[in-house]
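The structures considered in this document are given below.
After this come two complexes, each holding chain A, first together with chain B and then together with chain C.
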Partner chain A sequence: MGVVTAETFVGLIPELVTLGFLVLVLLLGVFNPQSPNQTAALAALGTVAVFASTVVLLASGFSGSFFGDGFVVDNFALYFKLVVSASAFFAVLAAARWAAGTGDAPEYLALILAVVLGSLLLVSMRDLFGIFLALELATIPSYALVAFDRSRRESSEGAMKYLVTGVIASAILLYGMVLIYGVAGSAALADVAEVFTGQLSPVAVLGLVLLVSGFAFKLSAVPFHFWTPDAYQGAPTSAAAFLSVAPKAATFAVLLRILLEGMPEAAATWTSVMVFLAIATMFVGNLFALRQRNVRRMLAYSSVAHSGYILAAFAALQGSAVPTAVEAVLIYSAAYAVMNLGAFLVIDLVGEDSTSYNGLIRNRPGIAVCMGIFMAALVGLPPLSGFWGKAWVIFAGAEAGTVALYVVIGAVVVNSVLSVPYYFGIVRNMFFEEPKEMTEEPKGTGAVTASVYVLAAATVLFGLFVGPLSALARASGLL
Partner chain B sequence: MNQALPIEGYLVVGALMFAIGAWGALIRRNAVVVFMCIELMINGVVLTLVAFGDYLPQAGGVGASYAVLVIAIAAAEVAVGLAIVLAVFRSRRTVNVDEANLMKW
Partner chain C sequence: MITTIAIFLPLLGALLMMLLPASFGERNVRYVALGVAAVPLLLGLYIYLAYGANLGAGALSQDVTWIETFNIGYRVGLDGLGFGMFLLSALLTLVAVVAAWDVQRNLRQYFAILFLAEVGMLGVFAAQDLVLFYIFFELTLVPMYLLVGFWGDENRGPAAIKFFLYTFLGSTVMLAGFLAFGILAGTFSISGLDAGAGLGGTAQVALAAPILLGLLIKVPAVPLHSWLLDVYVSSPTSTNVMLSGILPKLGTYGIIKIAIPLLPQGVQPFLPYIAALGVLNIVYGAFVAFAQPDLKALVAYSSIGTLGFILLGAASVNAVGLNGAVLQQVTHGLYSALLFILVGVIAARTGTRQIAELGGLMARMPWAGGLLALGALAAMGLPGLAVFVSEFMSIMGGFEAYPIQGALAALGIVLSAMYLLYMLAGVVFGPVERPEFERVEDAGPVEMTAIVPLAVLLVVLGIFPGLLIGIQRPAVELVLAAIGGS
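After this line comes the complex of A and B, so read on.
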């Protein structure tokens, strides 16, 4: 208990590696400012090193809890660390050229690595205030990432909206945590679980409601989603791609941990909240996405809708359905990371106006086919990655088998149909419209194009990974 | 002898500070004033935290160290926040959140 041993450092390797590379990237920027490409290569190497060290920890079956049970390394945490570091790798590749153009590449890349560090810590935390600290470590740099594009006024405006709502959300989340701490007398999730049994006291219910509201802000769940489209439209594309995937997956993971480890006996209370959140989030995200002309803004609303699909799995976290629901969250997070990163990288290559996709199949057939794959995956067509995510959500809901869950499943299906027009609007533009005049050189680097192909392949072949992923999820230690 | 205040007093004051701050953050239009209101919210939470940390028999005073942690995080948030407000002011000469309307719906 509380003693730092060599094993502690082994458990912290992914975080320590991230921290080391963060410092190195900043130092390289100071001492060698003329070489943004080297800086980007170093940052990409850092994310690869984090990924590799996490794979080693996972393969060696390492697990344990440190710092008085405040920090835990289990398969569940390691799984999300893989998702975070892999998406950070693609985000760094996408960011390299744009960041070099701003002249502040080291700062931009260091901010990305700071978000990675926060997300890695977040999925391992098992103490309310540790969770708050890691969540803020992931969130505060992301405000700066959104504001980074000083050539566009939308960037600072989106950042201000993100910041004001985000900080208010943090205060609400913190109040919820403090009330729970006051009721439980301890911030450790194991002690919280002892209080959340039987008849809940009013203060405990208030704390739970404030906590879930704060997380709903961070996950852009309705009615707390207003910052999402503005922040993602204003942010540099690589930042929007990264923020919509990695910190969000980590936040879902930690919410799952709080609910399952900290208040399993109160499941009836919070699953009913989740039913409402999931249905509202799916419908609002899809209905607002339908009317967007800006592809980036459309994908922002689509990310709201996909948060709703994942929240539908949270609503199924009851009774015998808990293992399937946990699997659904894990599989959906990975599936969404693959397809959404790919779609954002294509925006980086082609542009954010929907007319710039006109006739793309003739100008750049490879990219057009990849974008078609990502759009079909976001709709949830089999056998692409999004289909497996939704299939698991539906399995979990069916297994829970209450009336409310059947309504949620119905909403998932209806929303998948609702989302067809806006995703396939892009596909129609690419395949059936006349190409615009080619006025500019194709943007982007070989690295980004290659990443798009890799992500498209992963989206198509995701079905092959589903078996191992669900086995990993079953061994996650949370069930 | 001095009788210690009951914990309810601290909790009520903390909740009032939180509510006043939240109300101000919702109705005020100047971004800097909004930040002051958010600080008020966080300070209300910190007061609650310190009160719990002092009164709970099993907490052993750990609440105060959590409070220091929270204060540091709040300071970091405001530092980044004011930098962003400054960036907005440079680009449009106003910090009124109502006039930040390039993007809607």
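After this line comes the complex of A and C, so read on.
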């Protein structure tokens, strides 16, 4: 165990700030239960503080590894901490009014902060068991988040499915980690890397397969994606929005770290697994999304499909293409966060049935245009954020240049086209259909509406920042 | 800088349209839109007059690094290959604003979306970077989808999504080719990629295949055209102007500007087939047009047919053919826009588009009828009109490179004369078909404002084709130098 110094605390500032605000939010709930808005404001302030402290760490060029190299602060980790905390900010804004309605706002917001804490720790972990603990810290509160809407049966049902599959996934993941530990004699990624060379032993291969399968569950990759639509449909909108973005990005990040730092020599083995995983995930996600009439369910399958696109970048993690593939994961995660959070927030404002979008352009033109932007971005139309994510995946694939990767690129192209009917089904409803007779009272708060506009602007202008983002990604510690 | 300003001015125009208060009268909205649309055209004309002599090989360029890692830049500039279409895009947008008389509802939004599409069109013809080219290329997609899907006829919904799916499939396939090309060559700058940027023959063929396929879907080359008829027939007149006048040229221009000079060894094996597809367009378009009972569908197929000359001329890769192809892009836009507007005028006055129900319009509508005759004569390549020059050059070039294809294309001109004369006889001349046609009015001043400039240009460019060929010739020579043709 390394010595704990002042620097350790500096490196842990984002996590400590999160923990502090988590406690404050709960305390405020105890001592002042009649003020859910203050609690939400406090939680939002917490996410801003985490974001700001991470920016300071990034800007000051801070890096280091602590606790016997088990916890590392590098640009790679800090980048994902930015994505997580920014997503959490919008999730808290979206949650505020709904959570107040349940009467349990402090608990709900504290659960979100707990997921944030787990995700922040996750991206910095460099030790298999540390990774497992952080992953569970991010996952267990999310079961509760999904189950939080006690007024709807789907919420409990979704949470139950999520819990059962999630626990099985954790068991599989842990089993894989234990096998790898058994082979390497250590859980530190650096030590694991030493045994994952040359001809892999059967136990090591089994450990790798179980590990990847466990992560596939968490990332809702096919064939381990079945919990996703039920969980996202049942969850409160803010929870679904947040869970589809922040913990998922962190999980992708840590998987990237495990593969690149823990088993770089075995890349040939795991990239070939990723090829199949990516192609299957893209196709299944898009084909099932085509049939959905419920927008939340549609976005759940869409998130499966987007996991597939990101896994396509994992398939390109070989040879000289590694830096570009890592960049693709980083850029895709940020791009997906802005457009998907935006789309989920619009559900909060409009509704989850696809016909509730009919004629939205007449009733609420601003929101309709924003939703149109999110849908176009999810398709991958330029110059919106989703386009840059997909472009980077194709860059990585072309740099890797193998036949398998060209097949993956072909699958990305076909799937982009395949996704048009369901995303643009919403656009058609909004722009071309007559509004429903019953004009519902606008839901949501001004804060949610403002967030939608901000996220739409970020989706449109993403391309302007993709250059610096790429430079930042290049400088991340993982390359 | 002036190029960038010209490209993005319509974006400001679109914002302006949205900001106009709802109380602003319909008439005033039209005048404001007219003003907005006139600015890029005036800038374009200024560029033509001030820089025309230097435009040929490329001028007024701007190069800003965007994504350093992959050498992607915001690179724009005008050259002889694109300038004609650049100018035509600005012109046809103005014409479309005038011709938007059949758009009644949500006029401000209609114009705003039209201007958004114009940004994409102007941008494509000025882009000097593959990624930027693709972005502008795709920027036209959603606006056109919305224009058709919201303002089209009863069948607009399915027509719009069909258009979206087919052309998006094409452009995404093209994108994959572009991105792989740029990564392999180490830059996305079009000038940096000249003549394949040192890539070997096999790699070039592998890259050219998806790029050409994507572009041919966009054109569309027969048999990849099945999306086209529904969307043409369902669109309002002014959207037709853009759909037929500009959008197909995004595909043909991509072939001439990108596929041929940047992947010379890659396109070589495909060229005879592209020429054959061009001939197929010409012949198939003519035959199918002949069978159309609907005047608008006839014009649509005529428009597909004459796109074939661009493909034939481009595939010939000799000076005559390529110059013909580049010119045909502009002349095709002029005549097809003219015909679509006149179809709109006639349908609005008579209440029908069925050729069998029409007849004898010349008596009551001498202007509209006469100009329809002019447009049809232009379409069939009558000497003295602009289309003749470009079609003749395309056939000459095509015949030199591929005698069989060239000869068949010449036959296509005869076929097109047949259906166009038949159409004229049925619609314009002959006895007055119905008593109510005795009372129809001729095209009014607004309609004439949209039609006359196109007709005048068809005549002027027919007599002085050098006005455009002079600019495009140096650029065509650069293309030829890249592919090693004559």
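Assorted remarks:
Methods note: the second predicted complex is superposed on the first by the 476 of 479 C-alpha atoms of A that agree within 3 Å, B and C clash if a C-alpha of one lies under 4 Å from a C-alpha of the other, contacts with A are read in each partner's own complex, and residues count from 1 in each chain.
In the analysis below, a contact is a pair of C-beta atoms (placed from the backbone, for glycine too) under 8 Å apart; a residue touches a chain by one contact, two chains touch by 3 or more.
Note that the structure is a prediction, hence the values are computed from the model and not measured.
In the superposition on chain A, A:A471 makes contact with chain C only, not with chain B.
Contact with chain C, but none with chain B, is seen for A:A391 once the two complexes are overlaid on the shared chain. By the touch criterion defined above, A:F432 reaches chain C but does not reach chain B.
When the shared chain is aligned, chain B comes close enough to touch A:G185, but chain C does not. Looking at the shared chain after the overlay, A:N363 reaches neither chain B nor chain C. Of the two partner chains placed by the overlay, only chain B lies in contact with A:P229; chain C stays clear of it.
The touching residues of chain C, when paired with chain A in their complex, are 65-70, 131, 134-135, 138-139, 141-142, 145-146, 149-150, 156-157, 160-161, 164-165, 168-169, 172-173, 175-176, 179-180, 183-184. Contacts from chain A toward chain B in the complex involve residues 129, 132-133, 136, 140, 143-144, 147, 150, 153-154, 156-161, 163-164, 167-168, 170-171, 174-175, 178-179, 181-182, 185-187, 229-230, 233-234, 288, 291, 297. Residues 18, 21-22, 25, 31, 34-35, 38, 41-42, 44-45, 48-49, 52, 56-59, 62-63, 66, 69-70, 73, 76-77, 80-81, 83-85, 87-88, 91-92, 97, 100, 102-103, 105 of chain B are the ones touching chain A in the complex.
In the complex of the two chains, the chain A residues touching chain C come out as 324, 327, 372, 376, 379-383, 387, 391, 394-395, 398-399, 401, 406, 409-410, 412-413, 416-417, 420-421, 424, 428, 431-432, 463, 466-467, 470-471, 474.
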